[in-house]
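Look for chain A in each of the two complexes below; its partner is chain B in the first and chain C in the second.
Presenting the complex of A and B:
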């Protein structure tokens, strides 16, 4: 047993996770050697462009992937035990109970033919020694907690009678119904309008305070992560490019991809004049991913070695790591290393 | 809800009225009549018979007289089966026809749906491929071919089942198989594709993410959604089975209603044609109505008050 496993502040530790989809076109290497740690009570943001492997990482943790998706290798150490070795039956006791997940699209994530109340209650009954009546009471409390007005009456309503924001509240109620230790929220606000987004985030923030649940928050909205996360993981092409505290990533980034990302999306601390620059090019094809750094074809700083060999992670300081050849001691010094700081000001 | 039912009942009566009218005039537009061109009937007798059955009246008068008697549930006397009314003909054939029909429907639902689920769960593995191959054959081969084949193999060659009649219960096996073959295949294929689609829905992922048992996920979350398309085609399927039953009853020489129907058309037995058509039309519209009610129960998004 290594030292990290004994460390009781760690809730989840993913080591060298590799997940692929075996399609007709070949093996889609959606997640390539991802390491990820989530501490107790911590909110970790996972950002990256579409297709960078965020959802697949999340689904791998809960082993929810279906054919043709498959975890190739890696450990998913949750509370000291490796979920990768757990049977489907054992996973069922964890899903929705200890680790629960909120999905991207609230419009389609609830079963259209079953009342909202029943959809909350069934999770409670599955995992807790409560009878129907007690489960119902609990479900009503949960609906109140996620601020759905008229909770008792709305239990009998069907999902189509709820707005998008209200459905996402219901999803949150379901996810929290068994007081999970870890909540994986996969773009919980992406499908919602701006006002509803901020309401849902506020709700999650409050609940986080109340339950002390750890949260893995997947998003491509940097504004969201800045607001509620303490640590950020930046993913690209199925790999982690950079990881650090919110300040590390926003103000001291040491990775060209992160910098590109920061310049391409509006941020709350940006003034109106600054122009957004989208990252040129398209994400890599994951069927036959290029050798070397996945970002190389789009990177302004790419060097010869970038296209042939994949860099390792370099620690800039404790908790801040970046996977880039520019950080190698033999790399030519470039203005890049200070660019992240310039964005600060 | 009550308003909906009343509205639907009115619509049913209008539909039936239109079916009666169309059939009546179409039938009379076919050349020939029940007592013409028949060698055995001398002209004088034919004339007398025509008079007796008011076939010499103007068509519109015959039409209104007929409507009047139908409204009183009287389908009139049969022209060809002497001394029998059409009501009696139907009553005599009903037990056999109903048994074959209901057994077929039961087979379709009790076997067809589970086969579809089973195939969906084993998607693209060999059990699925095999079952779907059979089902594809089933929807492409017409029921009279299936019927004749079954009859040839199991009755004539193997002698396992009686070749005609339903004096023994074994007599029902082949007709039911022949009659349900198409619909059974159709329902299992539809269930399969519908379930496969449902399995990919986000709410199914949610159900798995909640840690529910597979049985709960498949039946409670999957099946209800997956059956919606199946319920919608039950109406047309019943229609296909009603028409199929004419042929099947003929092939297996079953004393049902369908057999009379085929004969009555060649005989221009007007009242029998009309009577059986109306009878089947009533069954069909009532079933479609019931299916719609069930549909509304399964899917809360359908509100039965429009």
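Presenting the complex of A and C:
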């Protein structure tokens, strides 16, 4: 935690974030002690299965959690101010303006009763000192930018007249309308076809270059993060398991869960004879999560200590950390430490 | 995968499925949605054929027409030597046993008010297999096969996770001991780590029970991994079909090339495919599609002939068929 405070390249810093949902079944500890840094102009991928806490982390950053969800503790430092302490009124000035979000489902995140043009203009007028005419001009420009043909005409159309990929483009146009410093994209391509997915990813890459926006890309698809992210955070059971550069994660992973994920998807060079190696078991129940490491019940390398005490993060090198007891200096030497290096050979 | 004999499990000849969208005002002809338009392929016994394509390309409709959840408009469906496309419902029943389906959504495809035991025994009851006691044995055996415990038999679907529900769906499909199983996006609703569990199980079951699969998915790397041969569909047409390796290594059709290029690569340092292969635009409407090649509107190699004349599937290598005027 020492090397991160030094420069002003940090845009967002989440410290010890804990978020829970108070349900009938008890407290669901969706995010447990998450530390996260996003630098200016950086694309950070957050990877994990459903229920790993990646979306809740994003919602906590924007304070979009609804009852019964609540941020228990931790702070969210954005440009020097703690968002966790901001009032709803102050957050409204930040959302859509400085930090904006793209949601997974382009079918439900647009209002079906309002034309696409009005929905884009709404955000612009809310945050920028422009009149209706200027806002309209800007909205048309934005639609052109996200490559929607006939932008001026399509402004008057309703969301149902757009295809899934086009709707996601509209969402991106809205999200970028105020040139935010941070764009949180929560599974932006999961509901789309591969061909459309590659178009949207390409668009996001280009726009990132144009606006120098930082992007936090939440996804379960390792292929997507390999494509556009510079840094990857792997989450499981509400905690960060491993964090590192794309190369660290794909070629030098030092966490059994990350390795398990990489081994459970077919790689291009695999033939029919080689078998996938799935991770056994199912993700944990976060109502009263197990003591110790959340991954321990599914881990092939689990030791006695793993089930009783949660490990600390160990830094393998600058920027690459992993939360695993096997990296502790007193841990028995295990073959898994070199496994990540051999995966692609 | 060895072929004991060269018999075909399934032959599909010129299958068409048009949906009548009703007459438009002032028009004489009803609008036809050509979801599946003249598709032919065969699947050998013990083989897995993967079917890929964008949503709306007709891959699920093909599957549903084969299993006769939809009535085909035209064409033959020959299952194990018998044309089932025109059989009456009563004659069809005995053939239905040979062919089962696994559905995409493990949440919607199980009746939430039935116990696991009831769900799995329903096909047995329909086909009058076994006494009450024997059925229980079959169910326990099936649960064991798909990696569930026999205590699970009395529980309800909501007590299970997505992966476990998909296992129940697979157990139900296997209950009548079918030869041919259609898997319609069986893993796309599951988490990555669970997908591999289900795929491995499907492969084990194939070996154990000698199953033939038609595997539909949009995850190309998974389809390539699980299937022996692979068909690519575009707007109701089969545009290319070949061995999976061949499709991956030597794609012939421009659409196949574009589709492969848009699969995100799992290796950050691997050579990225050329950017300009990527497709622009969306799938056009299958309502009264234009004459000629259906891909012509998005194809950068499109020539004049592509807009006039429809390319036919032709052999361009061993077991490699593609439909394109360029070839």
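Quick note on the criterion: the second predicted complex is superposed on the first by the 329 of 345 C-alpha atoms of A that agree within 3 Å, B and C clash if a C-alpha of one lies under 4 Å from a C-alpha of the other, contacts with A are read in each partner's own complex, and residues count from 1 in each chain.
Going forward, contacts are C-beta pairs under 8 Å (C-beta built on N, C-alpha and C of every residue); 3 or more make two chains touch, one makes a residue touch a chain.
These numbers come from a predicted model, not from an experiment.
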Self-check item: Combined model on chain A where chain B meets chain C, clash or fit
Solution: fit
Quiz item: After superposition on the shared chain, which partner residues are touched by A:205: those of chain B (first), chain C (second), both, or neither?
Solution: neither
Exercise. Please work out whether A:123 is in contact with chain B alone, chain C alone, both, or neither, and reply first, second, both or neither.
Key: first
Practice problem: State whether A:158 touches chain B only (first), chain C only (second), both chains, or neither. | Solution: first
Practice problem: With the two complexes superposed on chain A, say which partner A:108 touches: chain B (first), chain C (second), both, or neither. | Solution: first
Quiz prompt | Angle, in degrees and to the nearest 10, that opens at chain A between the C-alpha centres of chain B and chain C | solution = 70
Quiz item: In the superposed arrangement, does A:194 touch chain B (first), chain C (second), both or neither?
Solution: second
Exercise. Could you figure out whether chain B or chain C reaches more residues of chain A?
Key: C
Quiz item: Just chain B (first), just chain C (second), both, or neither: which does A:264 touch?
Solution: second
Quiz item: Counting only touches as set out at the top, which of chain B and chain C does A:166 meet: first, second, both, neither?
Solution: second
Quiz prompt | Contacts of A:221 with chain B and chain C, given as first, second, both or neither | solution = second
Quiz item: After lining up the shared chain so the two structures overlap, which partner does A:277 touch, if you call chain B first and chain C second: first, second, both or neither?
Solution: second
Self-check item: CA minimum distance (chain B, chain C), superposed complexes, angstrom
Solution: 9
Practice problem: Kindly list the residues of chain A that each of chain B and chain C touches, one partner per complex. | Solution: none
Quiz item: In their shared complex, at which residues does chain C touch chain A?
Solution: 1, 54-55, 161, 163-164, 191-197, 199-200, 203, 218, 220-222, 224-225, 228, 245, 248, 258-259, 261-270, 275, 278-280, 282-283
Self-check item: Partner chain A, residues of chain B touching it in the complex
Solution: 201-203, 205-213, 216, 220-221, 224-225, 298-301
Practice problem: Enumerate the contact residues on chain A facing chain C in the complex. | Solution: 49-50, 163, 165-166, 193-199, 201-202, 220-224, 226-227, 246-247, 250-251, 260-268, 270-272, 275-280, 282-283, 344
Quiz item: chain B touches which residues of chain A in the complex?
Solution: 62, 64, 91-97, 100-101, 103, 105, 108-114, 122-123, 126-127, 158, 160, 171, 174
